Structure formats: C-alpha cells, structure tokens
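A short worksheet on the structure shown next.
Per-chain residue numbering starts at 1, and chain names A, B and C are given in the order in which the chains are listed.
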Amino acid sequence: MTEALLQLRGITKRFPGVLALDGVDFALTAGEVHALVGENGAGKSTLIKIISGVHQPDAGRIDYLGTPVTFPTPRAAADRGITVIYQEVALFPDLTVLENLYVGAYPRRPLLRHSGRGRRVDWMAMRARAQDVAASLGVKLDLEAPVHRLSAAQQQLVEIARALLRDARVIIMDEPTGPLTQQDAARLFSLIRQLRSRGVGIIYISHRLEEIFEVADRLTVLRDGRRIVAMPVGETTREMLIHHMVGRTLDTLYPHTARQTGPPVLEVEGLGTSGALTDVSFTLGRGEILGLAGLVGSGRTTLARAIFGIVPPGRGRIKLDGVDARIAHAGRARELGIAYVPEERQRQGLVLPFSVSENLSLVILRRLSRLGFINHASERTVAHDVVRRLDIRTPGIGVPAATLSGGNQQKVVVGKWLAAQPRVLIMDEPTRGVDVGAKAEIHRLMSELAGRGLAILLISSELPELLGMSDRIMVMHRGRIAGELSRDQATQEKIMAMATGVA
Amino acid sequence: MNIRLLWRERVLIGLLISSGVVLALLSDVFLTPANLLRATRYAAEIGLVALPMTMIIISRGIDLSVASNMALSAMAMGLLWQRGLPIWPAVAIGVVTGTLAGWLNGWVIARVRVPAIVVTLATLAVYRGIATGLSGGTGILGFPESFLALGAGTVAGIPVQTVIWIAGIVIAAVFLTRTTNGRYIYGIGHNETALRFSGIAVDRIVLGLYTASGFVAALAGMIYAARVGTAKSNAAAGYELSIITAVVLGGTSLAGGEGTLVGTVLGVLILTILQNGLTLARVPAAMQDVLIGTVLLAAVLTYRERPMRKEVSAQSTSQPAPRRAAGRAMSDPENTLAAGEERRKP
Amino acid sequence: MRERGRELTIVAALAMLSGYLSLTQANFRDAFTISTILTNAAYVAVVGIGMTIVIVAGQIDISVGSMLAVCALITGTLARAGVPMPLVVLASLLLGLGMGALNGALVAYLRVPSIIVTLATLTVLRGAIVWWTKGYWVMPLPPGWKVLGTTHLLGLPLPVWIGWAAVLAASILLAHTVFGREIYAAGSHPQAAQLNGIDTARVTFWVFALNGLLVGLATMLHVTRFSMVQTQEGLGLEFLVITAVVVGGTNIFGGSGTVMGTYLGVLLLTVTSSALTFLGISATWDQAIRGAFILVAVTADIVRTGQWRQPVGWA
C-alpha cells in the first residue's frame, strides 16, 4: 500500500442532524479500479465530494501522491488531476460539444502572433486534441453540436472525454452507466480498462453489482457513514456484498405481505406516444404492487407521465375501474384518482420554501376551501394527520420542506398524494437518495397501502427493491413492454436480460 | 386578526414615517389633509396597477406593457366617444380592450411559453404603438363632467380613485392571502414544475393573472384620462418603471415566490409621498428621481443584508433564498447542482 | 459551423425589404438614404454590442439610455469649455466605463439583481444629469464638435466605420478569447461555470464595465452629428436596443447570441422605420411594428425549436 495514489484516513463529516461519514479510511492505488458501494445515504457521495473538494472533512487527513493535501475548492482538486463525472450532468447546454470539453481550461495562444500572454482560445488545438480523444474512445462526437441537442448518453460521453482531456490521475465515476445503453456501457468498460493500464486511478460508484464484478479490482463498502469492509473484488460474492451493504436481512427492508390482487383498477391498452412509447398494454389490480423495470430511457417515466397526463396523450386507451378515461392534463388525472410521486423529489415533488403543511395540502387545496377561500383549520388538521400517519419527522408543520431530510421530504410527497385518497399511486424511484431507515419505512407504507386496496405502480432502477416489493414485474425496453414476470419467476438476471433486449 | 409584519415591511414603515417627518419640516403644506388626499390621486393609478403586478412578479413573471395598455384603453375609449358613443359604453369598451390586451399577453406567455419579459417588452411597444397610430398623434379633450369625476371627484371627501384603490387593495389582499389561487401564485413563483406535477392548472392561473393585469391597467387608464382630462397616446409614459419600482421597493422578489401586498402599498405610498413632498419643498423633479433611485437601491440592499426569517403564518412563504452570484431575477430560479436540479432552457 | 439560421433569416428579410423599396421607390436607392440608415444604425449597434454581451452573460442593463445622456451632456459641456475633442472623446469613454463599472460592482459583488440595479441607475443617472443641466440643452457647440460625426471616409461617415470596427472587434472578443467564452459559460450555466473555475463575479463585473465603455463610444458616434445636446438624449434607447438584440437571436436568458445578429437586428429595425416612411405609413405606427417584430421573432424561434410542445419537466 506504499504507492497509494490517494489515501484517506479517519475522514469524518457532519451535517446538521446527520453524521455523514464516521472515521472512514479509503485508499486508491494507481492503475486500480476501486468500487465504492453502499446503499443510498451510506456516505458515498459525501466521500467523493470530500475527495473532489466540494466539502471539507471535519476530521481526518488526505494524502495525495504521497503528500498531505487539502482541496478548498473543486477547482483545486481538478487542477491536481482529480476529476469527477457527476451523476447530474454539469454541461453548458448552449455551448458546443467542443467547447464543453474545455470550459475553464482553454488551450490559449497569444492574441496577435507575438503579443505575449495567451488570451485567445486556440480552437485548432482544441479540435485536434478532441478528435484524438474521441478516436481513442472509439466514439463519434459531433464537436460542433450544441450540447442541449445531445442524448443523455452522448452527454455522458462528453463528460468522460472532458476528464481525459484534463489528464486526470484520479477519475471518479458516479453511476456512469445509468443513462448508457448496453453497448455504450461495454465500450465504457473497455475504456476504463484502458485508463487503468495507463495508471489512472478510478473510483467507480454503481448500484449495479454485476458491473462491479465486471470492472472493479477492489471495493470498499460503506454503510451508515462507516467503512464496513475493503477487499479485492475476487474475494467476495454478491451475497456477501449485499449483506455488507444492507447489514440486515432483506425481509425487513422489503416487507412484502401476502395479498390478494383484486379486480383491475387501471387498464392500459395500446398506449403510444410519438417516439417514446409503442403499444403498451397492461392492467393493474386493486391492492397490487406492479413493478416497472427498465434501463433509463426505456420509457418507464414517459409511461408514468402519459398515464398522469403530463405527457400529452397519443394513441391507445386508459380505463379506470372499467370506465374509459381521457386524461388530457394532470389536473384530470388527479380528479380521476391517479397520483404520481415523481422521480425528482426536489424539482418536481415539492415546493421547497413552502411549509410542510402547505406542501401536504397542495393537491387537495380546493377540497380544503370553500368558494376559493382556504379553510386554514382543516388544512392544519389534514397536515397533522398525515404527519402522524406517515411518521414524518419534522419540528412542526410550519417549517419549510427544504429543512427536512431526504427521506422525510419523500414522505411529504407521498403524503400530499395520500391526502387526495387516490385509486392508483404511481411511484417513480420513490427511494432514490433516501437513507436506509426511511427507505424501509416507505416500503412498509407501500405494503400497508396495497393491503388496503391501493393499486401501486412502482418504477425503480434498484432491482432488489423491485424484486422485494412487487407482486408482478413488467420490464420495458425501447418504449415497449419487453416482458412480464411473476414474483416467483423474477430474478435480477431475467429482468436485466429483458431490459437490455437480450431475452 | 393577528397582523405580523415582515422585517422589510417594518423597514418600509420606518422609511415612510421618517420621510413624512422630514418632508413636513421642509414644507408647511405637506402634512395637510388636503395635500395628502391630493397625493393619493396619483398614488391610486400607480397603486392599482401595482396590485396585479405584485402577484405577477410573485409568480416569477413581469408585465412591462401596463402603462402602454393604460394609454391604449384610454385611447380606445376616447376615440369611440369622439365618434358619438355615449361615454359609459365607451369606457366599458375601453376596459374590455385593455382586458383583452392583458389576455393576449397571458396567452402568449402561458400557451406559447414565450418568456414574460420578452412578450410584454414587445407588447409595451405594440400597445403604445397602436395607441399612437390610432390617435394620429393628437389627444382627445372635452370629456363630460360625469366622466371627469372619476379623476377629480370625491366620495365623502375622499378622491374617487382613492376609494377604488382601497377597494382594490382589500380585494387583492384577500385573494392573495386567503384563496387557493393566491397560494398557487406563490407556488408557481417558487417551483412551477412541482405545481404542474401536482395536477394544478398553472397555465390557467398565469393566463388569469395577466388578464387581470390588463383589466386593472385599463381601469387605471380611464382614471388617468379623467384626471388629466385628455385621452392621449403618451399617457402614463414610463409608469411601468414606477410601478415595478414600487413593487420591488415593497420587498417583492423578482426571483419569484416572495412578496406581499402590504409591502407594495407601502412602496407606492413612499414613492408618492417622496414625489409630492419633494415637489412641495421645491426640489427639482430630476433631483427627486435621484433620491427615489437611491432609496430603491438602498432598500433592496437592506433586504439582502438581512435574510427574512420564516414567519410561521398562513400567508408568509418567504425563506432565505441563496442568490446566485450572477443571478438575474427573471431568469432561472436558484438551481443548484447540489440539489440535483437540471437547468431548463426557457 | 455554428448555427447561422437567425442571421440568414434577417439578411433575407433585409434583402427583401430593401429590394422591394429600391425597385418601387426611386429615392430609396440614393446613397444619401443608405448612408443615413447606416449612420443611424451605427450608434444603436454599438450600444447593442454591449447589450448583447450583457444578455449573453445572463444579465440585463436597462440604464444604457441614461448613461448615454450623462456622457452626451457632460462631454458637450466639456467641449463648450474648450476641452480639445480627443480629450472629450476620452472623457466619454471613461465616463461610460465608470458608470458601467458601478452597475457591475453592484450586480457582481453586492449581488443585487441586475434588473433592479439598472432600473435604479436608469432613474438616478437621468435625474442627476437633468438636475445638473437644469434641463437646458447644451448649445452652441464649438466647430470641432461635429468633425467625428460628419467626416466621410470612402463615401461613408466615420461613425459607420467605427461601428463596423466595433462589431468586428466584439465578434472576435466573444468568439475567440478566453474572456469571451467565459461570458457564454457564465450565462449558460453559472453554477457549472463556477465548478469549472470561472470567476463568474469577475466576468459579470467586466461585462457591465465593457457595456458602459461601449455606451461612451456610442455617445460620441451619435451626438457629434448634431449641433446641440438635448437632455432627453437616449430616452427609450434601452427598449430599442433590447428589441434589436432579441430580434438578432440572442437568448434573453443568456448563454447564446452573437454580435452580428444584433447588428443585423439593428439594421432591420432601422430599415423598417425608413420603409414605413417610404410606403406612406405614418411614423406613428413605427413602435407598434417594432414590438410586433420581437413577438414574431421570438415566437417563431420557440415554435421552430419545438420548445412550446415540450411537456414540462422534460429534459
């Protein structure tokens, strides 16, 4: 371990109310792919933010290239060769691909031929080097296209190319395959191996365990802000890894109760929207949890939004309790008893500066008012009721939703829809970014709701969640239903095969 | 009723009182009831239009076309009257004209999704231009007394337009703080997307706001014409800036989601009192502009220096918002990478 | 190549309008008219360059008209006091730079939104200068005053050439210098710009300062054509310029736009004004048509790019 590229010792980081990291050790050697695994909220993102200079540790030390360092800003870390490819793409939508590769680190040349300091952007050099990198990646990049025109996968490639252009010694990849197709992912893995042979250290974060076994050399497991174990990938198995990550048996995390699925509540027939969905048909019964699997971009979210009326309706029919429903807009869906817990909690689910009670009453505000005047007393009653029922941990119903933890924020989003007493509840990645405890609570709530007859459509990228919670799993691939599996048949392998179009 | 004032509203009341005291010292006439009532005649025009403007700005929009709309509606009224229509039907059609003009703004903003600043910048020119074109550059005079009373008459000793303004304040305040749509307006300003994902008809609310703005502007246009006795195409020129100044002075954030009508009314009063009092004190009009501009900047700096506490009451929805360094109010909300938000292009 | 769609559309519109006028209206072909159009466009274009840069950076400056009045009246007064013209020009540039820097400091370092800052300086500057001149026009001006504005070079007045030079220089600045590219980055995605080590506050400050400097230059191109300086100089200029910038294809929310587009936008607006006169439409309709231009231009853009169809929350 002497030639460690990056060595972290005893890193501790506290946020208001949370101990995000508790004395974590971590070491990365040059030419190594080191997987960082753990449940959401285990501290992975805090750790990479400390390595990349976004956060400062409260305690502990970082050695980089053999000397102790501090990175006060992301820029400082980047200048020393530590690059992060974030989950959320941080590109400039208006600028071209070429320019996005270089923003903040333009190759320069003098304004006039011999005028000293370089103030002029050297487009020629930029283009030449960018083409080299694109070639070494084995990808085609339209360097002159504005980034907002690119698909998510292409944008990801731009980010990777950008890291390579900056001669990074450490590259941190946070769920890099999320938006990629199977082929793109395979290409990425070969690229990662190429980087490894050049001596670059790669920290690889992914929820997809099979990827870790495919590409990583070593792994570190974090749970609840602590390092549980660090070892070579070859010395562990999937089962051991999950045990380390979760730290408890899956039964408690995914409380599935035996239920009878009732008559169909939601029937979708031949649903199609231009480009995104083709001939989607399924039924969802009373008290059923129907899992919806598929890769990012497979049409899962579009399907949910088409049912909820946010994506304009195209071909096909939607029936609710056997009655034809024309859902032209989300307001109509709400009236019909369809609820949608969206994937981006903070952007789509909550009005962050609004109080907990204002968020909880958002959907049913008209019901809580007479002639348009809000009845504040019943608003408070409803809010208190939901807070108690869902066990939302908040100092009061008057505090802004922004001050709550991720898990409790998610409960507010679920709660505002439960207040509307829906017939169908669509949940899009309901536990993304939620800590283990709250996650289990949300799962328990789902089981309870289904037990009381609510029909739930669960969209999730976490296969264990789908397998653990669903009565049935439907898999999407390129806008179509690729197949359906019963709870007993379903395995991760079968789902992945369908999702990637192999089966 | 438990009235809680926000920090910025307390600042404004302090400012109002202190400027009143200073102006009273500078001029004997200032603090007479007659003068103060007279001052409210001007305040009412600005103040009326400022009410829907406050709501529009809270919803993270803007309406730059209001003053042009005032001129257009008054011009429409004047031309119809000149061609022989009785005055009150002409007024009614004038008000309908302005309402339609506001509706058009709202339609383009809500349905075509053109940014409000661009739409209303365009209609600022279009509406004023139509008024100018229709008028051929001349004003219309000689309106009947019954109409002029709208701008010069009194009810129980209080100017007619002041009574209208007060009624408008009450209606607007009840609407904004007590009704569902009022709540939604704040929500749209903070996070329009979340409201859409809650099944709320955002477009309809936005359309309603701009239509209301057009209606009120038309009404103010009538009052203006009645006060000066003329319908002319350059009526109320530059009022949009005074109105927006008053709203911003009143603490409404151009970034949306924040603001109160109490603040706006105080902003209008301060603006009016400064103008009236300084005129009485024989301060040149140009110097008044310097003072008012400085007050605006100083006020906004003060709000910034002390972030608002979250007041736990039904109406307040304020919360310290991290201003981005290069932030422009009418652009995106504070979207931080940390929050995992993606930037949406307008 | 970068997208040139908007520029080409404007060029086509210009060509059609001018072509039609040249064919049907004999007077329009007169060199005098074309030269007049170019000259009238020159100073608006120079202010437009600054405004383009400010808007690309994600900001706005509505105080340009007032800044122009301050520069005009003070330089006029200096010229009357016998200050030599080169120094008067320098004074105009420095005054503009100073006022722009004031806006910039307030926006970048005190973090007041630019619309509020420039709304305030719009009022304050105009008020201050009118108060200082007591509303009197500055006249008569010394004979040297009009040299800059009326000297001809190759048949065109000097301001036209200076305007073109400024457009060229600014195009190069925006397209080829590091500072120029940082302006786009800051306007396109400020947080990402900061993550990439761009000092967005510094960029913002200099963008406003540069805008002020250009207003100072525009003042000299404009007022030296007349034998007096009026207090209402530049009144409403901000609307005209923002219209030209938007018509020229710059995104009002920052991140994209070109100086060439703005210049063409200014030309289109100027030609349209002249066209109205030639076509016998009263000039009173000028403003209405100008406004319609923005609406049509922006709406067409939004429809063309399909943004209006996109469901909300759709990345």
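Just so it is clear, contacts are C-beta pairs under 8 Å (C-beta built on N, C-alpha and C of every residue); 3 or more make two chains touch, one makes a residue touch a chain.
In this text, all values refer to a predicted model and were calculated from it rather than measured experimentally.
Of the two chain pairs examined here, A-B and A-C, the one linked by more C-beta pairs in contact is A-B. Farthest from subunit B, judged by the mean position of CA atoms in each chain, is A. For the pair subunit B and subunit C, the distance between C-alpha centroids works out to 28 Å. Centroids of subunit A and subunit C (each the mean of its C-alpha atoms) stand 45 Å apart.
In subunit C, the residues touching two or more other chains are 187, 189, 191-193, 195, 251, 255, 312-313, 315.
Within subunit B, contacts with two or more other chains are made by residues 193, 196-197, 337, 342-343, 345.
Multi-chain contact residues of subunit A, defined as those touching 2 or more other chains: 90, 93-94, 310, 342, 344, 347-348. Per the touch definition, subunit A reaches subunit B in the complex via residues 54, 86-90, 93-94, 148, 308-310, 329-335, 340, 342, 344, 346-355, 358, 362-363, 365-366, 369, 372-374, 376, 396, 398-400, 402, 416, 433.
Of all the residues in subunit B, the ones that touch subunit A in their complex are 178-181, 183-184, 186-187, 190-191, 193-201, 257, 310, 312, 314, 317-319, 321, 337-343, 345. Within the complex formed with subunit A, the subunit C residues making contact are 1-3, 176-181, 184-185, 187-189, 191-193, 195-198, 251, 255-256, 311-315. Residues 73-75, 78-79, 90-96, 99, 103-106, 108, 111, 118-121, 123, 144, 146, 152, 305, 310-312, 342, 344, 347-348 of subunit A are the ones touching subunit C in the complex. The residues of subunit B lying in touch with subunit C in their complex are 108, 111-115, 117-119, 121-130, 132-133, 135-137, 192-193, 196-197, 233, 241, 244-245, 248, 254-255, 284-294, 296-297, 300-301, 304, 323-332, 335-337, 342-346.
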